[in-house]
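Same chain, two partners: chain A is paired with chain B first, then with chain C.
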Partner chain A sequence: MSELVKINNLTRSFHGRKVLDGLSLSVETGKIVGLLAPNGTGKTTLFRLLMGLLTEDSGEIRVDGKPIGKETNNVISYLPDYFVFDDFRRIKNAIEYMKEYFSDFDEKRVKELLEKIHFDENRKFSAMSKGEKEQVQLVLFLSRRAKLYLLDEPLAAVDPAKREFIINTILGSFGEENSVIISTHLVLDIEKILDEVIMLKDGKVCLSGEADVLRDEYGKKLNDIFKDTFRYEEGGKGNE
Partner chain B sequence: MSENSFGEKMMNENTTSENKEAMQNKIGSLGVKLALRNFKKYIIIGVIIPLLMTIPSMIVQGEWFKNDKAGTDPYVKYEVYESVPESWLDVCEEKDGKYVIGTLVDWPLHDSMEAVTDYGFIIIVVCLYIYLIRDVYLTFWGKRAALELAVPCSRTVIFLAKFIPAMICEIWTFFLIALSDCFLEGGFKLKDGAIAMQSVRSYESAGWGYMTGVDFIPWDSVCLHTMAFLVIYLGIVFLISLCSNLNRKMKDPAILSIAGLVTLLIAALSFVTEVAAFENNMLILMFVVPVILLILCIISIRRHNLMKA
Partner chain C sequence: MPWEFKENRPIFQQIYDKIVLSIINGTYPMGSKLPSVRELAEQAGVNPNTMQRAMANLESEGLAMTNRTSGRIVTTDEKRIAEVKLRYAKNAAREYMQAMELLGLSKDEALSILKEVDTK
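Right, the complex of A and B next:
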């Protein structure tokens, strides 16, 4: 397995506050990685840095061995935590856009997935609920044959009944040649599919490792480890 | 064995350079695709509506062409032209030893046509400014950034693919505004059958006299409007880009102060170069500030940052 993402001593501030503070991590191909942290701890910032939507203060980021730029855009499919398409457009317009600008976009796959969830391509986004839009957006971004999928809170706006579909879609897009990084604080729903876990605290990695190893080591579910790790922080105490 | 691996290595290197070249070609064509897509997006508000807004001035121009019918059309009369025409563009005719000119007099729709054109173009220009600036903002700092900046193109190409169609639409609109002004204020007429011979005259023969046309399009006005657009468009892009870089270390009040100072500096420089351009009769001087801003925008957009972390 090769190293797909390599981050070294990454720092990014906002209004003088360090959102990421000397963060180092690596992700290998063929893994589903959970980036677990409470809100406001730098998960979205990290994804935006990987997409080049933000630039780092210091440190180094490499994806597929290359620095962030147009070449890395070719291998990353980024699902943001909000809806990016214009509301007055239809699903078919979004498909056309993806087809036109992303050479790895698999039109056949998107049509299959849309059929599964009974979405007509002619439907307008303005006539959909927030959850439906998020579902369509996820389907569109996962229909790229990318090497790295960055999914920012993919379950947040979706009701529990639809989460199963989303998890299955993620698994369907995943293979030995690519990796998925899922940022979420809804650990319970996602923990069964995670190979590795990275927990962020104070802009640094506070806990990381293979999901099974962590479960064995702590004798708990990942959800409970997550709760324990961040519950102390609320009380203003350390972990020890 | 070693030969094989050397051959394989060479093949890989060739393939890599071919891939690189293919990718660069693809990125180049993606840039053109993006520019065309943006142009298509702007075409209604930036090309078609301004063109429709010239209809009233065309109607006025149609009336002017009736000057040949002096005597039969109630609003077109021959008036004596006081000075002896000198310009090759002059369309005065000699009748009974006097120079006369056809003039549109008291045409009742003239004022309303002028008002429709003036207000119409003001609304179009304001809408166009808002639309174009909103579009570039949404792409680089707004909700569409995650989608549009994910395209495998450099930030410079993505920015130029927005800026060039926006500039074309603006220049087209300003050209049509100037053309409408001409059509509203005077008339074109062929002299001795030569197509190039056109004349622009005032309909109002009283007061300030006939405007014997020379430059039938006021290019200085087109240049001035274009300069204003470029300064505002590029200035806003540069300011947002600057603020998004400053917000790493600074708080909002400090950023706003710097943005305010930069705005004043841009406005002062624009004013100075505009005055210099008119005084020295060098319209090109007007574009010094826009060119500097364009370079600054390209540099700052390469190290692009969203406004929020």
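Right, the complex of A and C next:
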């Protein structure tokens, strides 16, 4: 199996604080990986580095064997943890935008998915709740045929009844030829679809492995392993 | 409806158990074609890799085999299915006896309770 993401000794500081401090990890093609850590531990920073939206202080990042740049950006679908479209737009405007900017965008798929959740393309974002907007955004970014999906907290604003749909949509975009990295602190909802887990602490990987192997080893849910790992975080950052 | 899992046990094992039960009780009859990994993963709401691992287990346990032309089929080895059925039955019995032991009941008492209980 080929290595899709390779990160070696990556460091990045903000105002003297090392958010990533010698981080090394790799992700193979054909895997769903959970990047599990409390808020403020560098998950978003890592994604932004992978997209070239930030530059590293030191270390090495390779996606599909290449350094970060236009070529790697074209094969990554990055779902940020905030809403990227203008509120006065309609869903159909966002679809047009995606079509224009991403050659791997699958319009047929997005329309099928929107129909499934009964979203009319003429709806305006300003008339939607935060959760609804995030759901539409997720559907849009998962409708790209990308090699790598980076999903930053895809479940945070979505109510529990809709999480099943989101999880199925993620599984629907996933296959042998791509990988998904999901950053989240809401482990319970997502854990049954993860192949592998990477937990971050102090800017490094503190625990990683195959999900089922960890369950077997600890005799616990990933959610409980996560809680045990971060229970004594200072400043109560490990809230859920 | 996605399948229910207890997330504190490896999920591929739980999937394996469920499919084995379906083979034992005839939901997937002997010699019948099993749905594809992709289909089953979708049904269960799990990662296809996890489903693949459960299927590989099924094959290494001699309960299914991959046929070049017709995909993955349930074994036609009646004896093998009977063996596995007995193993699952013994496990269930063992669990029952252990629960009775915790209640301080003897084996005979446990057996007589078993006969009295109506499972309907």
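To be clear about the criterion, the second predicted complex is superposed on the first by the 233 of 240 C-alpha atoms of A that agree within 3 Å, B and C clash if a C-alpha of one lies under 4 Å from a C-alpha of the other, contacts with A are read in each partner's own complex, and residues count from 1 in each chain.
Here is the rule we go by: contacts are C-beta pairs under 8 Å (C-beta built on N, C-alpha and C of every residue); 3 or more make two chains touch, one makes a residue touch a chain.
Just so it is clear, the model here is predicted, and its values are computed rather than measured.
With chain A as the common reference for superposition, the partners chain B and chain C occupy compatible, non-clashing space.
Of the two partner chains placed by superposition, only chain C is touched by A:Glu164; chain B is not. By the document's definition of touching, of the two partners only chain B reaches A:Glu100; chain C does not.
Chain A is touched at more residues by one of its partners, and among chain B and chain C that partner is B. In the superposed model, A:Arg90 lies in contact with neither chain B nor chain C. When the two structures are aligned on the shared chain, A:Glu71 is found in touch with chain B, with no touch to chain C.
Once the two structures are overlaid on chain A, chain A sits at the apex of an angle of 160° toward chain B and chain C, using CA centres and rounding to a multiple of 10.
In the superposition on chain A, A:Lys204 makes contact with neither chain B nor chain C.
Annotation: superposed on chain A, chain B and chain C show a minimal Cα-Cα gap of 27 Å.
Comparing the two interfaces of chain A, the one with chain B and the one with chain C have no residue in common. Taken together, the chain A residues at the contact with chain C in this complex read 30-32, 164, 167-168, 171, 174-175, 188, 191-195, 211-213, 215-216, 219-224. Against chain A, in their complex, chain C makes its touches with residues 2, 5, 7-13, 41-42, 45-50, 53.
Residues of chain A touching chain B in their complex: 12-16, 19, 42, 44-45, 48, 51-55, 57, 69-71, 73-74, 76-78, 80, 82-86, 97, 100-103.
Within the complex formed with chain A, the residues of chain B that make contact are 23, 26-27, 30, 33-34, 37, 143-147, 149-155, 247-252, 303-306, 308-309.
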